[in-house]
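Below are structures written as structure tokens.
In the two complexes that follow, chain A is the common piece, with chain B as its partner first and chain C second.
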Partner chain A sequence: MTATTPASETEALPDKGAKKRDIEIIRVKDYTTEVVTDSGEGAQKCSQIFASVSAKSGNGVWSVEIIPAEIQPPARTPASASGNRIRIATEAVTNWGDSANLVMAFNEQVLLARHRMDALAEDAVILIEDMWKNHDDPDIRKEWEEAMEEMSHRSYQFVLVPMEEECLKIVENPRKGKNMFALGILAWIYSRDLAKIREIIAELFKRKSKEIYDNNVALLDLGYKWADENLDFKIDIPTIESEVPRVVMNGNQAIGFGAIAAGMELCSMYPITPATSASHHLGDIIEKFGGIVHQAEDEIAAVGVAIGASFAGKVAFTITSGPGLALKTEFIGLAIMTEMPLVVVDVQRGGPATGLPTKVEQGDLLASIFGQPGDAPHVVFAPATMEECFLCMTTARRIAEAFRCVVMVLTDANLATGQQPFPRPDLKSEWMAAPPDLMAVPEGTLPYDWDSQLGLSQRVIPGQPGGMHVVTGLSHDENSKIGYSPEVHERGCQMRARKMAVFQQTLKRPEVHGDDSGDLLVVGWGSTWGAIEEAVDRARDDGLKVSSLQLRFLSPLEPGLKDIFSKFKKVMTVEISYSDDPNDPFITDENRRRGQLSWLLRAQTLVDVDCWTRVPGQPLRPMNILQAIRDHMPNGVKK
Partner chain B sequence: MPSDERIESALEALSGQTKSFRSALANTIEQIRNFQASHGSATEGKVARMKEELGPFATGLIDADKFSALFADSLKLDTLTLETIDKALQTLTELAARGDKLFVVDVAHGESLRDRVAAALEDLGRAFGAARVFEMSKFGRFPDNEHARSLGSFPFHRWSRGERRMAPPLVVSVEGCDLRAAGLAEFMDGLEKLVLVVRDESTPVPLVRLITPGTFVQQTVDPADLNRLASWSGPGIAALVPESAARFVHDPGAGADAGARLTIDSLPEDRRRKPVGGVSVSQQSEELLQLESLAGQMGVKPAAEPVVAGAAASSDPVDKLAAWLLSQADLKNVG
Partner chain C sequence: MTECSLLGCGQDEDQYYSIQDYEGGIPRWCPGCGDLAVLTAVEKLLEAEQLAPEKTVFVSGIGCSSRFPHYLKTYGFHGLHGRALPVATGVKLRRPDLHVFAVMGDGDCCSIGAAHWIHTTRYNTNIVALLLDNGVYGLTKNQTSPTSPEGYPSNTQPRGAVLRPMNPIATTLGVTNASFVAQTGDWIPDHLYETISAGFRHKGFAFIRILQRCPQYTTPLFDEAVRNPDLVEFMVHPNGIPMNGLEQIYKHQIPHDPSDLDNGRRLAEPDGRFRLGLFYHNDSIPCLEEVRQQPLRTAEEKIELLNAELDRYAV
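Here is the complex of A and B:
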């Protein structure tokens, strides 16, 4: 087989027996693989192991899950496509890239789904299960032929793999084993260390029987052997020796581990996709560090428990996703009114309502900032990578405690389920900080002894001698007594808002990626960071005067934005949230719905911030952002 | 200090409790240092600490100088208070630096066992005194000059109930002739544990006078037996005695029934006595009889074949008389 590659060479490898065959070594710095199967065939596990072992081998990795909207959609349909994209590179990877170069497909229908989403490179190498081609069922044969016909205009290079036939040598139900067979093939193609893979399998199946482990390893070895005997190409992605030890994890794991590193003692939650796995990871280990995961009876109770724990002096957080955030709204308001330190992690998915439970969207931005009756100032920020997911929990805790406020951390399904290697955090005892001081409160200290200038007040824990007080969701005075005069509510609102203004003054002016002035500034937030910067870099390589700005703090906003914007002819946000296309029917400048960050920036800076947004239920691709940049360049489109 | 493998074994057996105490020491030291960093006068220290507390995510996003300035003066402390807190820190640091030596006491020949133990606990108690000084100083509530009294010495009788629950154990090396244990009763509270490593001959049942329902009391020759003392969640004392002494254990955790608490492994074969230190033969006999009496009251049968049929344990008048005579056999030496 011959693949179009940046660099390739051949070398003779011994084949079975005495004869030798030529193996093409495709040497690349950046290569993207997809494993796509029917839901339930284990593509996730196969891909996660492959991504993990690739990262451990020293490559940069970014993986993204491809998850169907339903738990068990009909098999052999495009809707059933489930899997993972793993982008592997010599250097660090910050996004899932443009398209897949190599695909491992368990049937032609799930492959078709990816083809229809334009997810595959023009010359993608596709290893596909061959049992469907000559299946006994004529309908299936027909579906195969139609799918191949539909894809025939592309230059895909197909390799038929007898997965079913081979797996039957080991297991009775190949549906439960093809993923490990596929993993063996990938291990051979990418020259991955089988011993490392076996270690990961052992860890994954440690609670299963030895027979299950043995079968999985046998299938892995079988896949490796099959590839060794039948494939004539290998992918070589050189590695750069890392000077520091690295860890590999997904964003939800990172949030969990980061919470422990931040000294958080209680994670109170109710299961919701895609946030749930964070509590699973946390639940496995937090008790070793003196904390607990509490699964409440519902979302409302979950945040209520966290607020109660915080009132008692514990370091508590809750984790949820869009619909859960909606349910928690009233209690989050209580935490804001009572100035209770609380960290809320929102792993965003598509909305509204149940929306896209398994898919990414940045649609909770405005809800997280403004989704409260009355004025409810609090902090909202967003990490951009898995590493930041880990590290931001310390910052969230410190801000929440220092300012007696709610801190919302917005991640999303892209960060939550994707894996990325990053330098092992250098843990500090200061991150865990000392527990709240429970000594006697100085006489005369009020529960809300606001500094009139700063809006800040000393946190008082009811268990402290002299600290006993009642909190109320009603508007209250400094003594936590219900206010009966108009001034009380006015002053409370003023103090809660003031401290957020004070916090905003501690934020630094954000740094622009690229030149500080130019034709177009692309502004993003959260997980789109890597794709935006990659697109901007390509545009700059093409000579376009474009820069980008990725915001972390969204409420309050980082300072100096209006000034930064003024240096560019045009400012445009790139977001995974819905906006109207200005060319669509009935859409005018007056009624156009814009990207959520765009709304926010326009309101805050009075700058005419444009937007390019998409809600495809998957991360944005650099090539699409690049095209949007070209389309939005002022002074005419430059292709 | 005499080299004695039994001291190391005793420390090993009590390592859970010594580690807890040292860990509490280290935590308090850390807390004071953190407090000094955020309330001391050095602005650079406050900022550096705030920077660490905010974590690497905040680097480039939050100005630690500005952030720190908002909170550094939230609690204003005067120089005298800061100096007092520093003295408390020095006390704790000095105690922590001693390592396991903190928990070992050597009673020289002729010294009072009770006084040496009291002095050692008074010295260790300075850790509690220092913690109190720190906590109260933060709020300016410590009486003038009180800190000097608490940091210089903090005797057992001033320890609070909570402090006695965190009491450091002691391993005490003492000559048998100086082993007058009754004076140690006042320290049997909270979680205080004492292990007496007895050098040379001792009286047969030196610890019997310490048996009370809630106190673990053990005489043994094998340091491995100390694990029972270590696992008891109350006050306790054990003596690693010579072979000639009685071996028994009174374990309050063995059961609610009094009979279950006392187990006598062996009693001295040789009933002939001579005074040991200041303890007369009569006193020794009293102690033996007391053990046997307790055993009788508790319905205890020695684990091993009893060597002596104690008069007090018998209802036979002849036996009682014989035992009395035996106890009076060396009257001339009664001191």
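Here is the complex of A and C:
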């Protein structure tokens, strides 16, 4: 989807007592809005509602949170910028796009943060709180002037909005209310249905008092009215009627719902951003479904509890982020060794160590595949959209049970907090785990009666007479007896590996986006899917022979890769993980540390896979990927 | 596949289980190892209570003591060093119908697994936890443990343990929701059996520290006490652990009402003798699996409920 030149028209608004104005209607197919405030001023809530109502109005939407690392960073500083980018389009949106066309800023410092990030379009419309401009404090006035000066080389169009002054009409502390006023303005600009917004507010504040709800709605109406009386433009993003019913949610909510749809009754976790919100969401609803969220004393216990439940016949999952994944490593190895079905969700953030706690990165790929000491074959896969976040939980549970294995699902902060509408899943009872079967098994039934060809074996659980056995993390034979001979260990390793090979054979050859052959193939995984395909589409429009491939299964890898790669002059990964730039000092082809996916693909295919990677703590932008594509086209072809 | 309810499935009313029905592999502990005595007491309990082997789960960590489940013919989970309790909690949370025991060593429970020990005490999951405390790391060949006596020479502290040992009983008694805290010795089989049996009948987390002889490394620890009953003192009370005639041999007795937490804490402090019996017992503290229990739902009910939830996210 390429940005279209706005088609403008004007319409005269009916006289509302104020002077009659001409309202310019800007008709666009793809438009990006940002709301930025000091942390704690409610930008998230305002944006969530705006994204949600936009999706409900029938637009394609993708929203991404802009999150500071601290809960209360110093106000009126660029570090405090908190908010949301909401990209809205006529058709489906798959990524956060390039730059913002319209910004709602609560002060000039947070706006400056976005400006410095190069997040704003050259001609962005900026609605900004005006109280700082003529503030009593001369330092603040000076900061305002300096900020404006710094941004003056761009053609931003500023609209001053008396947010504080207006909000004071309704609340004593506008810091806790401006967000709804701002939402009212956005609702007017984008012609959103106020009744729908009120419904969403009622839902969000259902645990709060009536007074709080009333105030929020009054502020919303006030913002709408202010815009109606003072603004002279509206944005119209036409909608296409969806043929199927849709839902809108973020990736963590989708994971939570997906877990319930998969019949999982236990989410065992320890709080860590950006995974936690999935458990908040689940904690809210799972008990109705007969399940619980168990907040354990640490990540080790969290995975241990999930494994205990699984041993007892109930498939459970644990959800975490990088530092928690590191702590779970030993237990994940144990689950692999004992062939205990287990689903581990890793919502990736920047690492290593505490890294970028709130921000996106795809840096856990190799750790999740190879993190366990010893040979520890298991499944790792990555959803690329909110819909896949929902559906992947059923897939994960089924694989875990059928292959008695560990399945790791890698999402990231981008998917976790972004909202996107998708077709409403048609729930099926066969997605749910069957109740444990406690029928007796013949005396002497082996706990690992491995099929030598397939490595698969039947699972026997406590409560089944005749099946008593002791699972152990020590190397063991098919009777789960500790092995003291070399043969026992070799056979165990072989069986656990073989079932993964069998699993790999069930995977489909991935589809190439674009032509099956050409000059450059871009390979990505996970949440970068939308941005990569958008960049590739633009490149193809420009006549470049580029295609792309988005991998879902990372371990084992999807089949046919070597063959697919052979049809292109060059293969390159695009990832949000660190790699050395070949032009950096001391970097040679020999010592270059490459992106994690390219590392994996090179090892597995022996193809000289190049990479372009960035770790900005933000999703990649299509325009940057497009530039990278041009820069990496093989020599002698059109760039 | 036939569906059956979690409770009472596949059980034969007339079945009688003898000790042999519970016996697993041949124990590979050193001759004279106290772990054997614990195994004997546990087998006796299983028979006395006629626990269906398929409904009984022994979870352990890693260590000599953690080999325990292998020597029984119940279900067992021989997991990771220090991590028996989270696994046991997971089993009990989702399958309250199962009888769950956790067997740990002192390194297991009091060092690497200390966080789980404290928190499982507070969860008060209905589990019998047996701490087989030999005051040393046995399996890894004689390293100092948190309960090694000060001055005990080991391979890691050859000139003697440099710190005073920690007190697992006092520690457990300090944790919110502690509900059953007892101490016994492997060399007093009757008391050992009665203590485990009381722990089994307790509803909640039964923490039992068993002073365990390790003839391989820490013989001096309990050797004298084994020979000289004067070095042992029993807490006695009608609600405590029955003495069954042991009072003839063990002259040192101190009355203690196990519902008296303050006095239990006082008695947990060392004063020259090994003090055995029930320090604290409170049956009224809810268990985690009770607090968290939810009504079971059929797949159809779940779909209906989930559709209602999804309505709120409908576009």
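Operating definition for what follows: the second predicted complex is superposed on the first by the 622 of 639 C-alpha atoms of A that agree within 3 Å, B and C clash if a C-alpha of one lies under 4 Å from a C-alpha of the other, contacts with A are read in each partner's own complex, and residues count from 1 in each chain.
Here is the rule we use: contacts are C-beta pairs under 8 Å (C-beta built on N, C-alpha and C of every residue); 3 or more make two chains touch, one makes a residue touch a chain.
Here the structure is a predicted model, which means the values were calculated and not measured.
With both structures placed on the common chain, the touch criterion links A:Arg552 to chain B but leaves chain C unconnected.
Once the two complexes are laid over each other on the shared chain, residue contacts for A:Phe311 go to chain C alone; chain B is not touched. In the superposition on chain A, contact of A:Ser429 is made with both chain B and chain C. Touching more residues of chain A than its counterpart among chain B and chain C is C.
In the superposed pair of complexes, A:Val471 makes contact with chain C only, with no contact to chain B. Contact with chain B, but none with chain C, is seen for A:Thr506 once the two complexes are overlaid on the shared chain.
Touch criterion not met for A:Leu168: it reaches neither chain B nor chain C.
Contacts of A:Thr394 after superposition on the shared chain: chain B is touched, whereas chain C is not. Of the two partner chains, neither chain B nor chain C is touched by A:Ile71. Of the residues of chain A, those at positions 425, 428-429, 434, 437, 439-440 touch chain B in one of the two structures and chain C in the other.
Here chain C touches chain A in the complex through residues 1-4, 6, 9-11, 24-25, 52-55, 57-59, 62, 69-70, 72-80, 83, 85-95, 97-98, 115-116, 118-119, 292, 294-297, 299-300, 302-303, 305-307, 309-310, 312-315, going by the rule given at the top.
For chain A in complex with chain B, the residues that touch the partner chain are 262, 383, 388, 391-392, 394-395, 398-399, 402, 425, 428-431, 433-434, 437, 439-440, 442, 454, 456, 458, 502, 505-508, 510-511, 552-553, 558. Chain B makes touch with chain A in their complex at residues 30-31, 34-35, 49, 52-58, 60-63, 66-67, 70-71, 74-75, 135-136, 138-141.
Considering their complex, residues 55-56, 58, 203, 242, 245-249, 253, 257, 260-261, 263, 265-266, 268, 285, 287-292, 294, 296-298, 300-314, 316, 330-331, 334, 338, 421, 424-425, 427-429, 432, 434-440, 462-474, 481-482 of chain A touch chain C.
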